[in-house]
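Taking it in order: structure first as structure tokens, then the write-up.
Labels for the chains are A, B, C, D, E and F, by order of writing; each one numbers its residues from 1.
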């Protein structure tokens, strides 16, 4: 007669989004960038993505086993793959295979699971992996190729695999040819050697705004990023703050002394800035939560990037900017809570 | 050879004088931290912490002579509050002092009570009313559940019971915990 | 003139960022680990350290410049510096105990331990080693304290967040805090090269 | 005396201080000589790497002059030059040279040049190049730095005094050109200075001779 | 507080292992992290620290009754600084190379929090013999931490152990150097500052894990001993 | 206090932060006119149907009662009276299911209905237009009217407080912002004159000068019905305002923000802004209480959801079993999976359907598996910030959740846990499926518990200190007495005399009775 029902807590509605869905959208949004990257630099990046994802999933599974957590929901949430892909997009496409292994060990093992895994890591795992690799094995991390338009050769798949797994470079590439100075590197060392920016930019590695090829990749990243904003996966605050602060600071410097300072667009379209602005600094876990906090976070990333590019020991500063702001995020969050209703 | 000795003799003298003077000038009498600690203790006055009441325990903590994990009625939450106040790491309750329990109140079996007033003298918060030779009662709203009235009762007529919660006192379980 | 100013700026940038006392030079680690559980405590500690550090940097400069060096007693510099520092701290402690008991409580055992904060003696010794003048010494002390305060406050805020993460059991407490400090040091490596001429 | 008197604190502290200082002064006197000797040894040890001790018979550490030439020595202050002689005849100089344009800032080195204008040895004293990229300039990381030995301004020719990528004879490292470039340039400058000031270098009075010994 | 009598052995293990300054109490971290790049550096500093601890604990204990609170710390510091300066001068004279490597961290032994901490917490309240044992234990425990961390970092960073032993023991000791991983590419992170922090974190975690496992074993072995005793049921 | 003069209600619409646009699903239940279900054979009337303490039964088993007769009194004055929904015999006064959020059983009065549905004598006011407002409010009190918008706060207390504080505008909340529920809409559609009249009555009772009836803009027909009624009644103080359909537009604070652009200050009440908010059904109940003298014994209720065969609205007696109402609506469909009292966002799930309809029950929602979230594993928060984007109170749910989970209730309170209106928006959007709103309900209860414990500790401290002081005083007095005695014994001669006299006495005693211990005792007593 009387019926008994299972109970549950409000709200009693189907829940639309899932973590895996969010991560999936991020991966989707990266596709244009990855495609453009592949066109300019060959399939190396695809191999790196696969390698890094494989390592990431293996380490994720090992860490989950060790911590005694269920495998299935966490392996399939896609966050490790996002970490892996973003890492792979930061390293040289012909970097040896163990770069991905070391990077992912630190990213997933140390930066993520030591803190309790998904959602709890204070530092951006991909950037931890990247910086560790950069510091430990700088030689492997400076092997950049020239883009399609000016390269002697864009390596094919076989050559790429050979280079990554055996270290043997395809003819006619030489070690010196692959350790090319990237645009940012040339700018930095050139300016320090007292040359003018215009002079430095005569080099064929520069394009219209940023590095040749790189500027198109950046455009593709931006496209994907805008789509993420549209899909409400990320908010506009971080990208706008990162790019805005870089522009706002480099503009006066450029106007005052165009000889020693690159123009603002050059800054934006060089290095990892656009990728960082839309995909890395927006990592929700290690970033700030409130809108104001996100603006500060983004501006911090932009400013630190510029400072390191201009005065620091590394050609680009996006990764360090992100990690340094990760450090500051809890403090920022504490002081930028929105005003609560009625207060 | 003598120069260093003289220099440091002077150093020592001067600094010693400065410190001695400061020590007298800025002497502190009482420690307001005791009040803050006391404010976080549950005031059960049960002495399970090993001190004759909450305030003595508070004083001992302030002096650094007692740890923050000795008060069972305060429980985890109490320890955490103390750790917060004092900037230390929380630690689990010291099992030597007892276990955390839900609040209980004393109930006197009115039929058995002989009116000896011993329990009244033991109760730290005057929660028992009654006069000599008359039956005694515990005022439920005042009783802290300290158990101190149990030992003196010559006829063992006092029981500790968990008071029935009112609807307004209902503690909603955390999600995932079984609903009773 | 301009050169002098950029020299001073360089001292600040170097002590705060590129050669941060805590994360790069490994000075002042005990309070860094010990007083970083509550933000209020960290801020108090930062203020106290800034005060003591600047003061001791200057006073040890004076002691070295006007007493030890003229008398050829450099070998006693460690002894005299630490004496000066200990007395400063002790006096500060007694005064603070009276003036701000809560701050005193929050700083706990760490206030007397400022004496044994390596950063304080480290600043004094490094000032001598790098032959700083009076103003440079003061700046060096102040910069070191600022660098200390910066990372201490950031670290504390991070640790407060760590309090509710699911850290694997063996790593709870000090180990994960140390790993966090390590990752902070990693991030600070981004500043290498900042303070080179 | 009042037990609470500041004077008592002062006396106790002074007592301990005096005790400690007496002890230390004793140790200081015992060790002073040895420490000085050790410090000399350490410098001599470093110098011996760029100039074998059996080539000269004078006291290198005391036959020293300070020269100021920012162009050559890479920094505005005075640079130290040690002079080696055998039987009073000039044998070699060892110069403290700084390459200001390393990747991460100045690289300080010792360059030993024989009187005939060839190099007896080069060693890096301190640098901040990227570990793993720029640090093969250290002798314990690679033998790159030893390849300067025996070279002079004639060998190789002026065009050859550059890294391979710039058309010279010296190898760069994988992924790092700037560091070796800076070192090669600095060594070349030192050689040129030596050629230009050969006589003056040996002739000038050393600092030790100028100031009377204590 | 009171001068109770604890067996000296207990004092020693308490100081050296259970309350190990480097791994448990987390004092003296600066030298621990700064000079643990290699085993030999760690050993050198560790022994120097042990000497200072021994001397300072002993003297503080001897003087404990004469010192008034307001000058206690300055007095301790004076004693410690004297001991440190002594060893500083001696090392400069006889271990000059090692001294050059350890640099500023020799004078900084003065401010090793562990030393003044022991002086305050133990030596000032205990008789000389106990204080000396405590000093020795604390020092050797600290030494242990330094050597362990040094070994970890040296091995990971260079693939060697005991490199530079000649700085301490003279020329013959060059042969002590073990190259465990030949042609080690050099894992720089271990040697750089981040590696020091992370290495110590891993070391402490390992210690925690070992102890936890020991406790679990003990528990599994004798369940009755640790069964909670029912409480609160008044008769 | 806030300057009320600047508060203008309903001229311009404003936007509250956050919120959700949900599919409202209301049409299904509006196809039939509101009717009364058949009288059930038994009604179980809970004593706790309002915020505040439970009512106390004033009838006994075996009593017969008439419809509208008082069966539960409110001695504390903090709750509300309860009346018999129909005539019949009391068969039980005991603990049983009471459809309370806590899910706990509670006291109820069970009536066997006699089918006659016979009213007791009613006591309406003669003319509300001339009657003293205090009398009007007293009628609300006597009728046991409570807010029907969800919180079931006793209306008398609310109106009385508002009157005392002096308000200018009555806001009638017809937003009904939760999906599925349609009973307020049906009420306004079918009885617009009653709603407008009720509004005017309540204006008089609360001292408001004007009134705004707020309805959601998806309720097309309702506006014209209400406007026509207002015109017919010759009323120009009651305005009808359409507000956007955004959940939780009907929340009191959100509604006020929409209509005035102002926020009710934290810890304050709407009357601080000079307004009073009442649900439309409450307004109608107040009208019935005053004009018809009828106590609150029935309410409009929507029975709907994909788990019900024929969704519709009823005017049902309180105490009617839920099962009875569902059966009247065609019974469950085969897919029925969850039984909810209230809307899908804030309602609570019932474990069994023999529970009675209560004053808070605006909706009986039967959901199917497709309607509720599948039992997905809860993932850790990824701090995506979506929850704070939709929170109408501008809270940071992710942080609140961290604090509550780790037991840091003070920290949660510091970041305004109390400001959470438990609307469930954050919960709905969370990709990690964390039951946020449920955590907040739990956290609020724990925080209240903690506050109670602290208050009790403070109280105990006072008692303890008072006792210590008393004992100290007693001791001091005793000592003083002793001292005085000593004083008296002070001089030597006196003492000798005393001692001599004592010996004398002892000897005398010894002579009287030869038992030696008496002496012993005496000695002890004297020394």
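Assume a contact is a pair of C-beta atoms (placed from the backbone, for glycine too) under 8 Å apart; a residue touches a chain by one contact, two chains touch by 3 or more.
Quantities reported herein were computed from a predicted structural model and do not represent experimental measurements.
Any chain that touches chain D and also touches chain E is listed here: A, B, C. Taking the definition of touch as given, a chain qualifies here only if it contacts chain B and chain D alike; those chains are C, E. Farthest chain from chain E, judged by C-alpha centroids: F.
Chain centre most remote from that of chain D: F (centre = mean of CA atoms).
Separating the CA-averaged centres of chain B and chain C is a span of 38 Å.
A straight line joining the Cα centres of chain A and chain F is 52 Å long. Computed from the mean C-alpha positions, the centre of chain A lies at a distance of 43 Å from the centre of chain D.
Within chain B, the positions touching two or more other chains are listed as 4, 7-8, 11-12, 15-16, 18-20, 22-23, 84, 175, 179. Under the contact definition stated at the top, the residues of chain E that touch 2 or more other chains are 68, 70-71, 74, 78, 81-82, 85, 89, 188, 192, 194, 198.
The multi-chain contact residues of chain C, meaning those touching 2 or more other chains, are 75-76, 79, 83, 87, 90, 94, 166, 171, 176, 179, 183, 186, 188-189, 192-193, 196.
Chain pairs that touch one another: A-C, A-D, A-E, A-F, B-C, B-D, B-E, B-F, C-D, C-E, C-F, D-E. In the complex of the two chains, the chain B residues touching chain C come out as 3-4, 7-8, 11, 15, 18-19, 22-23, 26-28, 31-33, 36, 84, 86-89.
Residues of chain C touching chain B in their complex: 35, 37-38, 40-41, 67, 71, 73, 76, 79-80, 83, 87, 90-91, 94-95, 97-99, 101-102, 105-106, 108, 173. Chain F makes touch with chain B in their complex at residues 48, 53-54, 100, 102-104, 106, 378, 404-405, 407-410, 435, 438-439, 441-442, 445-446, 449-450, 452-453, 456-461, 463-464, 466-467. Residues 380, 402-403, 405-406, 408 of chain F are the ones that touch chain C when the two sit in their complex. Residues of chain E that touch chain D in their complex: 63, 66-68, 70-71, 74-75, 78-79, 81-82, 85-86, 89-90, 92-94, 96-97, 100, 186, 188, 191-192.
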